[in-house]
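Beneath this line is the structure, given in structure tokens, with notes to follow.
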Amino acid sequence: MTERTVQKVTLAKGLNLGLRKAMEADDKVLLMGEDVGKLGGVFRITDGLQKDFGEDRVIDSPLAESGIVGTAVGLAMRGYRPVVEIQFDGFVYPAYDQIVCQVAKIHFRSQGRVKMPMVIRIPFGGGIGAVEHHSESPEAQFAHTPGLKVVACSNPVDGYWMIQQAIAHDDPVIFLEPKRQYHADKADLDEAATPGPLFASRVVRQGSDATVLAYGPTVKTCLRAAEAAAGEGRSLEVIDLRTLSPLDMAPVLDSVRRTGRAVVVHEAHANLGMGAELAARITEECFYSLEAPVLRVGGFDTPYPASRLEEEWLPDIDRVLDAVDRSLGF
Amino acid sequence: MSDPAATQPGGSAGFGPDLAEVFGPARLQPSDEDGGPDLVQLLTPEGERVRHPAFDIEFSEAELRGFYRDMVLVRRLDIEATALQRHGELGIWAQLLGQEAAQIGAGRALRPHDFVFPTYREHGVAWCRGLDPLKLLGLFRGVDHGNWDPAEYGFGLYTIVIGAQTLHATGYAMGMQRDGVVGTGDPDRDAAVLAHFGDGASSQGDVNESFIFAASYNAPVVFFCQNNQWAISEPIERQSRIPLYQRALGFGFPGVRVDGNDVLATYAVTRAALQRARDGQGPTFVEAYTYRMGAHTTTDDPTRYRLSADVEHWKLKDPIARLEVYLKRNGLAEEAFFSDLAAEADELGHTLREGCKAMPDPQPLDIFDRVYADTPEELAAQRDGFAAYLASFEGAH
Amino acid sequence: MPEYKLPDVGEGLTEAEIVTWKVKVGDVVAVNDVVVEIETAKSLVELPSPYAGEVTAILVAEGETVQVGTPIIAIGAGEMADRSVGAPAPAQDAMEIDLSNPAASGGGEGESLVGRMKADRGPMRRPRRGSASPSSEAAAATQMQVQGSFYPGGAQSQSVVEQDEPAVPAVDVRADAPPADVRVLAKPPVRKLAKDLGVDLRSLTPSGPGGTVTRADVEAAMTGALAGDARPVDGRAAAEGPGGVSRPGERETREPIKGVRKMMAAAMVDSAFTAPHVTEWVTVDATATVELVERLKKRRELRDRKVTPLLVIAKAALLAIRRTPLVNSTWDEAAGEIVLKHYVNLGIAAATPRGLVVPNVKDADAMSLPALAGALEELTSTAREGRTQPAEMAGGTFTITNVGVFGVDGGTPIINPGESAILCVGAIKEQPWVVDGQVVPRQVMTLTLSFDHRHIDGATGSQFLADVAGVVADPASALLLS
């Protein structure tokens, strides 16, 4: 009889355990990136893995993102399952060409003969008081690219399961990790549990007055906003989208048909962010159920500011609740 | 058909000569702790003045004292900023500990019309350009992304994306060519660009592309690489199998390795390289061979990936200590000089601490007007809406 | 006493463990002397003191883990001097919070980045100026304007809802736009309802905020319910008659509830269960009216008109309304007011091929008898042909329903939604009546009045009914009602 191991873990620890599990399950899984080996990653996500799996499987890369993703493409073609770490969201751009032109298109180009079972892990989002390029939210650009799948975990337990599922998946997955959560909240992880599917959104709080949609770092923000709203006599339903491409719309539409109101919350700029796509789809599918237009709360349409302004720039409880007020006011 | 491998004499399984032996680098050397035989040095770690046939220059006492003072104050600036991060006054700080000579030597070789493209660690070069060190702190404090006008100081804003600035440097140099300030022979007119980057950056595509462009256009740019042996946790061996200065030959311009902990040599080599560029002779690669004595930044923990023995080894090559020995042994500076300098360093520390804490916070509404030269209406409306939102809270004025 | 708060030493760390204190209470430290070693999720870090002075308290024990922003040591009050210089010590006085930048007030109160990961306010809103949530329309409008402005495209909403402007129908705001160019405002569910019922939104007077047509507006338009047969919204016949699908030999037939039927049902339910109905009736000797009708038919003014007892009763009702105007009013729940109309749009319930219709004659009270006769005649013939327009059905203030055509005496009519009373006219039959102590056959009818007992009391209702009956019994008494 298997012992159930339940332990309290942070997101960093959950991801670390998940990566370990994935590497134990399949010899072809490789980790590669800057400082992932000896150092264990600047956020310690890959801590201890090079020691146990060796330098051939946990690879410290030269300082060149395009080189890292490009060589990962070659490794994938050779039958390996590379898990690439981009050190910070703002540094993915040198690799953007390889991602969009190669990783995303090779399956299509080869009519399915060549698969790209690659995971590109990207710490994303702000709130850690960092300098430029360390707090970006580029997910919409990848979700907009056919051939890529894009997911975002929001909590340690999802981190643990989703990273394993993404690695086992045969399509390339952009795996977004909310860096402000890495060493923050802990959750009970039961490794013997059975996870839900990877590409599924989830209702994390039930409610009836409005549906609030979030992913990654804003899930926590929206849950707190819902708590505050409850104190005002309003019942908000919060959905953790988890998967951005493909979107799992069924729970979302079901929810909006019940509440009649939707608000999308993300750190990325509101203009042309994920909220825009969600608004379009919800409006099309739930037109006659809508009591208000779908509203979006996002970062302003300026580059991410100096960190002393970031808490004002990022969507917070007040901005979320203002949008809810506005929605209920229609 | 017979197998050629079985019948041919010589090399690898009969497929011709040993390519490495005949066509490759003569010996593939791992990174030499002492810098290798090509290392240009004018002051040994023990404080002995040595001669180099290619760089036979004399330094005045005032110049030597000046170098020393610069390095001491820059080190102090670095130490204070590191402490301020630990106090919670800065979010992060990129330490230059150990690289003072590389930066002061290069910085003092600049002429007023030259232009510098730094990374995010060139606090010593900023010092030489006359930038108030307090201005550097704003970025690390999270108050701004760089609060000086590059044109005023001939010193670009710090670039966090690794290596991006080398392309900018090359383009700027191409602009100088078109402005007719290269190769005129007039020392008050001719100018060059100093492009900084590290050993890690030399792996980035952008940096290699900047070499290609600079070579193709014969641009007046000195590519100054501070090889401090580490890119966060990754040693230089991961970035290159060949000493970095030797790469330049592959791109078509000269490469020089200088002892980056020797301010005299760094000055001499950089001065020569800059002059070459000003004269219209094109780019030069200067590799300042040095060591990152501190962490990559204050968020890094070097004890996880490097041996303290290595650090101890480099402590013996300290750039400031060797010059101090030289000054004292040769009577080039009075006791008062050193005590005055110590007081000046303390004063600098105090000024930085107070100045840092007194830095005004940025205003949230300012960012909207800084995105574009010509702000679109919809963005102005967004700003106004945000202003109204902020004003709607209790406690707002 | 300055306290050194635990900083975030490594980009997003939230806590650290105190590993070793390097000083103890009573030690004197200079700025930047190392005072403690901490362990974070990333590494072991030594922390230098921000202050010079004597250590007065160690606030966290070795081995304890605390959050970023927690004071860990208190230094000062002894030698406050910055030892390295003779200058005054960098005492951490509480700096004024810059209130224009609320961000600065997270954690370290604007002093330092310590605890900059915004001090946990907990799941609650920051207090707003004035009321917590806007209580007034203007405040709500401001809030919507504020919010709308910095959402993408929100700049638009700023211009539509002007601050301080009362919530009047769109007609005011859009005064410049030719009505035909401006699309009717209505929420998607309301549009669908109108579409299903064949109601043309353009024909309605919007009563919702911002000039929107509401669900109630659509339902009111369908009162007495005729589907938009003249201008079907999308060309399909919106309402179907009572005929359903029926197979011979089936024991049941199902007819869909839609169109006219649906609207009528909604209107009936709305009225019946909102207004407390009281019904009164009076049986009256209408012989004089019957005789009057014959005489009127011969008059020159009415030669080409249809003259019936209903015309006389209608006129009587119009006159009686003057004395009891409450029966011609509306109970406005939302506004908390009773609206007395200074005009009468007299509705006449009519049976049509499509069902019950209640078109009304606008400003019937201002009409002469011939005009009224003409209007009633046209109204009923239009209805019989099924050509009644929605506009003709909207805006009624008082209704007469004639059950007499079926030979029925009276009933308990349901008030038209939006009105306050309804008069039901029964059949005129020869019945025994007492005249001067004798029982003789006379032309007798019953008049029934249902009224909204919220604002119309028995006296008022009875008075009205009595007035009408009085005219029917003796038309000359109309002179007294003028």
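Read from first to last, the chains carry the letters A, B and C; within each, the first residue is number 1.
One rule holds for everything that comes next: a residue touches a chain if its C-beta (ideal position, glycine included) is under 8 Å from a C-beta of that chain, and two chains touch if they have at least 3 such contacts.
The model shown is predicted, which means the values in this text are computed figures rather than measured ones.
Visitor: Could you quickly compare A-C and B-C and let me know which has more C-beta contacts?
Guide: More contacting C-beta pairs are found at B-C.
Visitor: Can you name the chain that lies farthest from chain B, using the mean of each chain's Cα atoms as its centre?
Guide: Of all the other chains, the one whose centre lies farthest from chain B is C.
Visitor: How big is the gap, in whole Å, between where the Cα atoms of chain A centre and where those of chain B centre?
Guide: 36
Visitor: Can you work out the whole-Å distance between the CA centroids of chain A and chain C?
Guide: The computed centroid separation for chain A versus chain C comes out at 41 Å.
Visitor: Round to the nearest whole Å and give the separation of the Cα centres of chain B and chain C.
Guide: 68
Visitor: Give the residues of chain A that touch two or more other chains, as numbers and ranges in rising order.
Guide: Where chain A meets two or more other chains at a single residue, that happens at 42, 129-130, 134, 300-301, 307-310, 312, 318, 322.
Visitor: Could you check chain B for residues that touch two or more other chains and list them?
Guide: If we look for residues of chain B contacting two or more partner chains, we find 91-92, 141-142, 299-300, 304, 361-362, 364, 382, 386, 389-390, 393.
Visitor: Where in chain C do residues touch two or more other chains at once?
Guide: Residue numbers touching two or more other chains: 8, 11, 42, 101-104, 113, 116, 126, 143, 146-148, 150-152.
Visitor: Across the complex, what residues on chain C touch chain A?
Guide: 8, 11-15, 40-42, 101-104, 106, 113, 116-118, 121-126, 133, 140, 143-144, 146-148, 150-152, 187-189, 192
Visitor: Note which residues of chain B are touching chain A in the complex, please.
Guide: 91-92, 120, 138-145, 160-163, 200-201, 203-206, 231-234, 238-239, 299-300, 304-305, 361-362, 364, 367-368, 370-371, 379, 382, 386, 389-390, 393
Visitor: How about chain A: which of its residues touch chain B in the complex?
Guide: 34-35, 37-40, 42, 60-64, 66-67, 90-91, 93-94, 129-134, 300-303, 305-310, 312-313, 318-319, 322
Visitor: Write out the stretch or stretches of chain A touching chain C in their complex.
Guide: 10, 12, 42-44, 127-130, 134, 179-180, 182-184, 223-228, 231-232, 270-271, 276, 287-291, 295-297, 300-301, 307-312, 316-318, 321-323, 325-326, 329-330
Visitor: For the complex, which residues does chain B have touching chain C?
Guide: 79-80, 83, 85-92, 141-142, 298-301, 303-304, 346-347, 349-350, 353-354, 357, 361-364, 377-378, 381-386, 388-397
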